[in-house]
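Please go over the structures that come below.
Here subunit A shows up in two complexes: once beside subunit B, once beside subunit C.
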Partner chain A sequence: MRHLIAIPALLLGATALAAEATAANHAARACTSACRTHEVFVPAGVYVPFFKSGTGTRAVPVEPICLNASAVTHEEFLGFVRDHPDWRKSRIKKLYAESSYLADWQDDLTPRPEVLSEPVTFVSWFAAGAYCEASGGRLPTVAEWERFAGGNAPASKPDTSGGNAPFAFAMGRSAPELASTPLTFPGVWEWTANFNSAMVSGRIGTSEGANSSQFCGDGIRAVDPSNYGAFLRYSFRSSLRANFALKNLGFRCVREVS
Partner chain B sequence: MKHFVLFAAAALGFGVTAQAGYPDASTSLGTTRTAGYEEIRGEERAVVTSAPYVPPPITRRHATKVLLDVEVKEHTKLLADGVNYTYWTFGDDAPGQFIRVREGDLVQTKFSNHPDNTVAHNIDFHSATGPGGGGEASFVAPGHSATFTWRAMRAGLYLYHCVAAPAGMHLANGMYGLILVEPKQGMPKVDKEFFIVQGEFYTNGAYGERGNQQFDMSKAVREQPEYVVFNGRVGALMGDNALRMKAGESVRLYLGNAGPALLSSFHIVGEIFDDVYGEGGTKVNQQNVQTTVVPVGGSAMVDLVMDVPGAYQFVDHSMFRAFNKGAMGAIEVEGAARPEIFSGRQAEEIFNPGTRLQRVAAVTTSAPAAQAAPQAAPQAASPADSALTEHGKEVYAKICTTCHQPDGRGMTGVFPPLAQSDFLMHDSERAIRVLLEGLQGPITVNGQTFNGVMPNFSLSDKEIASVLSYVRSNFGNAGTPVTPADVQRVRTLLVKADSGAKDRTASDKR
Partner chain C sequence: MNRTHKGIAFLAAVTLMTEVGSEPTERSVYQLDSSWVEDNGRALQLEALEGDMQLLALIYTTCTGACPVTVKSMQMFSRNMPDDIKGRIRFLLVTVDPEHDTLAILREYRREMKLDRRWKLVRGSPEDVRELAAVLGFNYEQIESGQFAHSNLVTVLDQRGEIVHQQNDFASDTKAVVEAIRHPQDEQPAP
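This part shows the complex of A and B:
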């Protein structure tokens, strides 16, 4: 990722580079102020897909966004279902969520009090998307999400929690320009808008015939086959369907910068 | 184990070919390749057992539908004393349960990923014929199940494992087990059956480092595990967990190797495999084998008779794995001695062709200084002592048990006992010296002479103090603790004595 940003810099003259940087800073300041208090600004950049496409590795441009600094909490989701009764657990359409939807809520409007400020889970992709839409945003794309959260923890970092979450291993700030942002990564996975667009299938083998743009679990097609955190993330996403409501899966929203 | 014996007896009555000897090398267990499939009659729950036990032979004369439930768990378990690791397992343990089906059976597999789990999993049966061995058919998110059915077309011993990306990590976290597709006419009868699966663990900390250990991606990619173990953890088949049988009994070991990196050279110290079903196929393809290869992602079956009673260790003969990474287990064989096969030690005498033993001079020099040093007064056990002893227990388990044995009784004529040992208890300073420098040459322990070599293990003062405090207060010994300060004092004396000896040697030459 880093070297891709560096290459255009090399092509530009020093003066032009300075001008560019100043312009970008102005834009960034303007946009930053457009983000709300619970959001952080993520400047435009590029994302290198983890799996090579038929034509090789191609960086994808990513637009600037305002991003929730942390995953949506039970308390925030409670506010949403108060205002939007169709998304309460007793009323949600079966098509939109499997039976485990909000499984840990006592009833329609009662999440467990001790987890109010923790990320809401047991939410389907439909419900997560509806929440984001109601708050004026949308779910991040895989490219956006991987760009801000797809950093791996250092392999040598000891797991002092003793728990069984691979999240510390597989999640963290990835874009260098986000190094100092107040982003937090809770111990859950997060929904993305197009979670099923890049497949890691459940088997070793060749690409799946007609679905040749989808990818298998073997490392050959990965840009970096030693990036096990990325394999875990893509593998997990590819096991999902939009109505799934899982204990270890929450979400956060983004808003496009107008 | 008791129920297994009962089942085996029942199986006998049902007419499993009870052969006195073993099939000769050309005997195939007869995988029949017919165009049609055997008729499926009825259905039953799969018979499974936890390591190291194997379900009883199948007495059914027909194929059936076997209902098999497999559930994945992610949980923290002990990889070695004081070492926690978050395992991903089929069922409760790594390896998962041993599954025994009959050639021709239809196996309906319900695969469940527990809702508390964090990643997607699946199962690939090497015994299944079809894409991914079921990997894709079973791939599910946490909180979901998937069902698929496969026909056990070919008899043999097969590995099953998780193949979800990144497959190596799922294997290295413990997701593997063995399934036997028993030939239609059964396997030759043996008295005991066990299964052993070799696997690797890539922890961020070094071998033996305490606390919660995490999967280390770079060690995995370099194929440099910290642990290579049998049945999922260090000591899973040692001490109280050793395999047990009687002299003269025949045993079949079902061997698997989950890897994910290292070939296994499976060897029982002091035994020879009578028959080897190479690579887990149905044919005995070699007899009288000392070490058999168990390929990664593969298996082997070995039959042998344990003739002579005693303690037998089995290892991956890539010996650093056995000594330093945990690849060791034991078989305890009970019974009357068989001197016509193996005598044990018959004579012991001094052999001294006249070597110069400089170290002995150095140690002798240190003795007067040691006597001059103040002896630590005996003290009542304090909390610090018990922490020391607790740590010593781990050091002992890791380093000393191989020779001195878990019960401290050593091995007659080979490794001296620490249990109620006059040599150990007589002089704590000598014991410290032995741990600091190693020991070579004849010594007398409890009236018996031993003439072996104990290496210097480069232990720290604290480790030496801990392990000595432990052995001096266990195995029927009742001695005072040894403190790290005691060890440091002796270490300093030895360094002085050593340089003194060198000085003298130099001046002698002058």
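This part shows the complex of A and C:
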């Protein structure tokens, strides 16, 4: 049923994007149709890193990609561990995941039935990367992720009404140009290929309070200090290790447009 | 049991021990499926590092900030460390800028920094460097050509490639490193 809804929605999204394309953009239009039904086409664009370097703001070009419309689910991950026994919770090596790996699964091949279609969490960076590789893709880079999902309103604040995900506002919102696509963000943080590129420490937004012996380089001055959601994401990423398996951390994959 | 049987049992035990010894342990960094090249052009698989402890740092040769300090203090450490640990430790520098740091540049760096044969300088693909860094908890990002923002971290690996000690500021205090090399089994695994 989900697929029946998703397919027309994707077609609408693709049509809207194609309509925007100029005559010079034929290549991009061809790529749009190269994405699979559960994917969203993200056209080439520019990523402005959240932190300034010594010479000021940089703009990094980002290549077009096909992006999973939603985070990888328990059911999809089950298919992966069925085919790749080394990534089952009883078999995974300690280097690749801490002991909480798939902590909410009853055993190697039994996620809870009621959450099958929800995002799989308690997965390490290694496991997420292996899943994407097995499906012909890879994890998105920070630049790619921020480009398609960093569309959160700068003034957003945590939801203190007692909901499950008070930081959902920081966990992704479609970039404006992808607003008409079926891209969804289910309220979990997501792994990125180079999560360990973030340099956040000490007092957020200034270099005061940072442990100067810990980091080299002037990397912690924000381009937009009012973007609270981005601060949260960069801080969260910088606190991760590759073997972490956390309750609120999932992932989605991207494929390069060939 | 006659002598022949004893001999076979002994050989079997030795074979078993050798095999167990040559398989990286579950926490060993040497399980990473990555390929490296030393500055002398020789290919290096991480497993080949087994047997010696390693003092490991990620660097890049055009770094003007913390890297030269880290390498200099590692070098000072290599000269002044207590006699009882001298034979146990080797030094491993991995470049985070493989695009710029070619083997020729790494060889030049070796000459310039006067690094002897106990030191390996290695280079790998950007993906393999990213993975090794992720395992070590080393963060880095290229800010502009030739400059990186990066952690300042040295790691002690035991003979099997397990992380037994890490510290951010190597220049100021090496006591903990000496202790980690003396008694690797006492050290807590990395968080």
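Simple rule for what comes next: the second predicted complex is superposed on the first by the 196 of 258 C-alpha atoms of A that agree within 3 Å, B and C clash if a C-alpha of one lies under 4 Å from a C-alpha of the other, contacts with A are read in each partner's own complex, and residues count from 1 in each chain.
Please note the rule applied: a residue touches a chain if its C-beta (ideal position, glycine included) is under 8 Å from a C-beta of that chain, and two chains touch if they have at least 3 such contacts.
From a predicted model like this one, the values you see are computed outputs, not experimental measurements.
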For A:Trp125, decide between first (touching subunit B), second (touching subunit C), both and neither.
second
Of the two partners subunit B and subunit C, more of subunit A gets touched by chain B
Does the superposition put A:Thr184 against subunit B (first), subunit C (second), both, or neither?
neither
If we overlay the two complexes on their shared chain A, which of subunit B and subunit C does A:Ser238 touch? Say first, second, both or neither.
both
Under the stated touch criterion, which partner chain does A:Thr110 make contact with: subunit B (first), subunit C (second), both, or neither?
neither
After overlaying the two complexes on chain A, where does the subunit B footprint on subunit A coincide with the subunit C footprint?
217-219, 238
Residues of subunit A touching subunit B in the complex:
100, 152, 155-167, 169, 189, 200-205, 217-219, 226, 228-229, 231-232, 234-236, 238-240, 244, 246-248
Applying the document's contact rule, which stretches of subunit A touch subunit C when the two form their complex?
49, 51, 53-55, 58, 93-96, 125, 193-199, 211, 213-219, 238, 241-243
For subunit B, which residues count as touching subunit A in their complex?
74-76, 84, 86, 115-120, 122, 124, 131-133, 135-144, 163-167, 169, 204-205, 211-221
Which residues of subunit C touch subunit A in the complex?
26-29, 31-32, 63, 65-67, 130-131, 133-135, 137-141, 143-144, 147-152, 168-169, 172, 191
